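In order of appearance the chains are A, B, C, D, E and F, and numbering begins at 1 in each one.
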C-alpha cells in the first residue's frame, strides 16, 4: 500500500521527506498494532489514502513514537480515550490488540475498562469491555482471571 | 452467576457484606431489567466479573434502589442520558425494556425520545427511537398510537 | 422581543402563522422557564433572532407543549440529557430552575443528578450537581435535606 | 406516508397549516436526501410518526430550506457535525448521499472527513470515512482520486 | 464532613458498613487527590452529600483502590478519559494534581495530553493542556522541559 | 516562539525539515487565524511547545493547507465540529474569527450555527451562537441582520 501513497506530494515537504516519514511510521505501526492496524490503513486505499498516510506518518511516526511516554503508557491513555469517546468499537478492537502487543496483560486491560465506569459511566465501560471480550476470545485469552 | 462473584473479597468490606450487597442488587435488577439485564451481567462472567458485580451491587443495589426517586422517574432520566450519550444501543435496548417493566407506556417512551430531538438533535433522537422500535416489535407493541 | 421576530416570514408559513406559533410558544416558555428562559431568548436578539424564534415557537410551542408527557416528566428527561451532553451549564441553570417551576422538589432534582453518576460517570454528575447548588443557593433552597 | 401524519393536529397550528408545512418539507427532503431520506422517515411510521413529521416539516421545511446558506454549505456543516457527534452512521449514510446530491464531489467529501481528523481525532474521522466508502461503493464512485 | 454522611443508612448495608466503606475511601482519596479532592467532596455537603459519599466510598474506596492497576496507571487512563469527555475542567484540575501526587512527572502528563490530540483532536488536547498549565503554575512547575 | 520549537528534533525528520514544516504552517496559521491563533500557540510555550508545533506544522501546514477544500469550506466543517463537540468555546472563538477572516459573512456563520440546532440540539447551537455574539461584538459586527 505504501508505494502509491508515497509518491504524492504535499505541503509537508518534498516527496522524499514524505516517503521517509511514511516508512518510519509504518515500522511503528507494525510494532504496535500489527495486522489489525495494517488492515485499517489498507481499507482506506480506495477512499482516502491521505487519511491512511496521516495515520501512519503522523499518528504513529510523529506522535506515538515520541520517547516521552512508552507504548504501554500510551495504550492506557488510549483505552481511556476510546472508551470515553464512545462509538469507537473498530478502533478499540485495534487498540485492545495493540495493548496486548505492547505488554499490558488481559487483567490490566480489563481493570482499565472497569476503572472507566467511574469516569464515563457504566454503559461506556460495558461497551468497551465487550470489545475486549471479542478480542480476547479471538486470541484464546478467555476467561480472564478475576480478582 | 452470583456464587463465584460473591466469594471474591474487595475493599468494600468482608465477603459476607459483598455477598449481601450483591444479592440485594440482584433483586432490584430482576424487578427492573428482567431477563435482558441478567443477560448483560452474565455476558461479563468470563471477561470482567467485577464489572458485573458493580452493575448489580452498586448500580442497582446502592443507587437505583434509593427511595428518593421511583423507578419510573429514574427511567425517564436514563432514557434521556442514553440518548444523549450516543453509541449506547445495547444499553438503550435494556432500558427501553426496563421502562416498559416499571410502568412507562410505549407512548410515553416514544414521546421522551421525541423530546430528545430538541436537546440532543434529530440524529440521536432517531437512533434511540429505532432502538425502541426494535424492542416494541419484539414485545408485540407496534404500531404505537400516535398523537 | 416578539414584535420584530414576528414580522419575519419564512417557509414555515405566512407571517400570521409564524406570529401565532411564536405567541403560543412564548406562553409555554413563560410557564416553564420563567425569567431565565426569557433572558436566554433575549440575549439572541442582536445575533440570531431566528434561533430565539425556534426556541420559542418550535422547542416550546410545538415540542414541549405536546400533551403526551407532562412538564415534570419532560424535565426529568431534560436533566438527564443536559448532564450527559456536558458543557451545557448555561442550559442546566435554566432547566434546574424550570424543574423547580414545574414541581420537581430539590431532593428529586439532586437524586436525578446522582442517578446520572451511574450512566454518565462521576464527573458529569458532579458538574450538574454544582449547577444545581448555584441555582438552589439563588433561590434560598440550601441545604437540601439528604437521605 | 404523508396523509396520516397530515391529519394530526398539534399546537403548531391548525391541521391545514400542519399539512402545508409537511408538504413543503417533503419537497425539500426529496431534493436533498432523495430515497435514503424517505426511507428513514418511513421507518418511523409505526413507532414515532411525529418524529417523522418534525424531520420533514421542521428540519427540512423550516430549517434546511432557509436561503441564508445553500444546500452545499449546509452539507459541509452537517458532515462536520455528524462526524464529531459519533455513533451517527445511519445519518452519515443519508448525508453522504445528500452531499453528493447537492453537488459536493467525492473528493470534497473525503477531504472534509480528513479535515475532521484535526478537530475530532483520527478515530471519528476514520469512522466517517468508512461510511463514505460504503456509500461511494453503492454509487459506483470508488476509487476516489487522491491528491 | 464524614460524620453526618456516615450516619445515613442505605441499601448498601448497615450504617456501620457504610461508615467503614466511607472511612476506607477517605484514606484512598487523601493519598491520591489530597486537598483538591477533599474540597470537591466538601462542596457537596449542602447539596448532595450522597454524591460525596459515593465519590469517597465507591469511586475511591471500592474502585480506585483495587490492586489490579496501580495509581500511576489509573491516572493515565483517567487523564485520557477526562480529556476525551470534554467540559470536565474542574475534574481535570483535581486529576492533574492527583497525577503529580502518584508519581507521574510533568513531562509525562504533558505527553499524555499531547497524545490525546491523535485520538480526541486538537481542541480537546488543547483544553486539557491549558488546565495542566494552570495546575503546574500553582505548583511552581513551569516551564515544563520540552523534548 | 518559533526558534526554540524549531531546534527540536523528532521522528518527523531532521531539524531542517521540522523547521521548514513549522514555518510553512506559521504562514497558513497567520492567514487563517490571525492574532487569536498566534495567542493560542504562544500560550503553549511553557507547557507543551510540541503541541504548539503540531498545531502549526501539522494542523495548519499539512492538513488545513491542502488544496482539495478552500478555507471557507473548511471553516464551515470546523464550525459544525466545534459546535457538536461541545466545551470548545476557546477554539470556537478562534474559529469564528477565522471564519470571518476567510470570507464567511456574519449572516452565514450565524446560519451555520442555527443549522446546528437540527443535528446537535438547541443547547449546543445556543452555546456556539453566544460565542459568535462575543466575537462579533469585539469586531463591531453587531447586530447581525436577521432574515
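To be clear about the criterion, a contact is a pair of C-beta atoms (placed from the backbone, for glycine too) under 8 Å apart; a residue touches a chain by one contact, two chains touch by 3 or more.
Just so it is clear, the model here is predicted, and its values are computed rather than measured.
Considering the contact criterion stated above, the chains in touch with chain B and with chain C alike are A, D, E, F. Contact with both chain A and chain F is made by B, C, D, E.
Distance between Cα centroids is largest for the pairing of chain F with B.
Against reference pair B-C, the listed pairs A-F, E-F or D-F yield one interface repeat, D-F (criterion: more than half of contact pairs the same by residue number). Relative to chain E, the most remote chain by averaged C-alpha coordinates is D.
Mean C-alpha positions place chain A and chain B at a centre distance of 31 Å.
Between the CA-based centres of chain B and chain F the separation comes to 40 Å, rounded to the whole angstrom.
Remark: chain B and chain E have CA centroids separated by 27 Å (rounded to whole angstrom).
Residues of chain A in contact with two or more other chains: 10, 50, 54, 58-59, 63, 66, 81-82, 85-87, 91, 110, 114, 117-124, 147. On the side of chain B, the complex with chain C involves touching residues 58-59, 63-64, 66-69, 73-74, 76-85, 91, 107-108, 110-112, 114-120, 147. On the chain B side of its complex with chain D, the touching residues are 86-87, 110, 113-114, 117, 121-127, 129-130, 132-133, 136, 142-144, 146-147.
Within the complex formed with chain D, the chain E residues making contact are 117-124. On the side of chain F, the complex with chain A involves touching residues 10-13, 17, 20-21, 24, 50, 54, 57-58, 61-63, 65-66.
Remark: chain A residues 4-5, 8, 10, 40, 43-51, 54-55, 59, 81-82, 85-88, 90-91 touch chain D in the complex.
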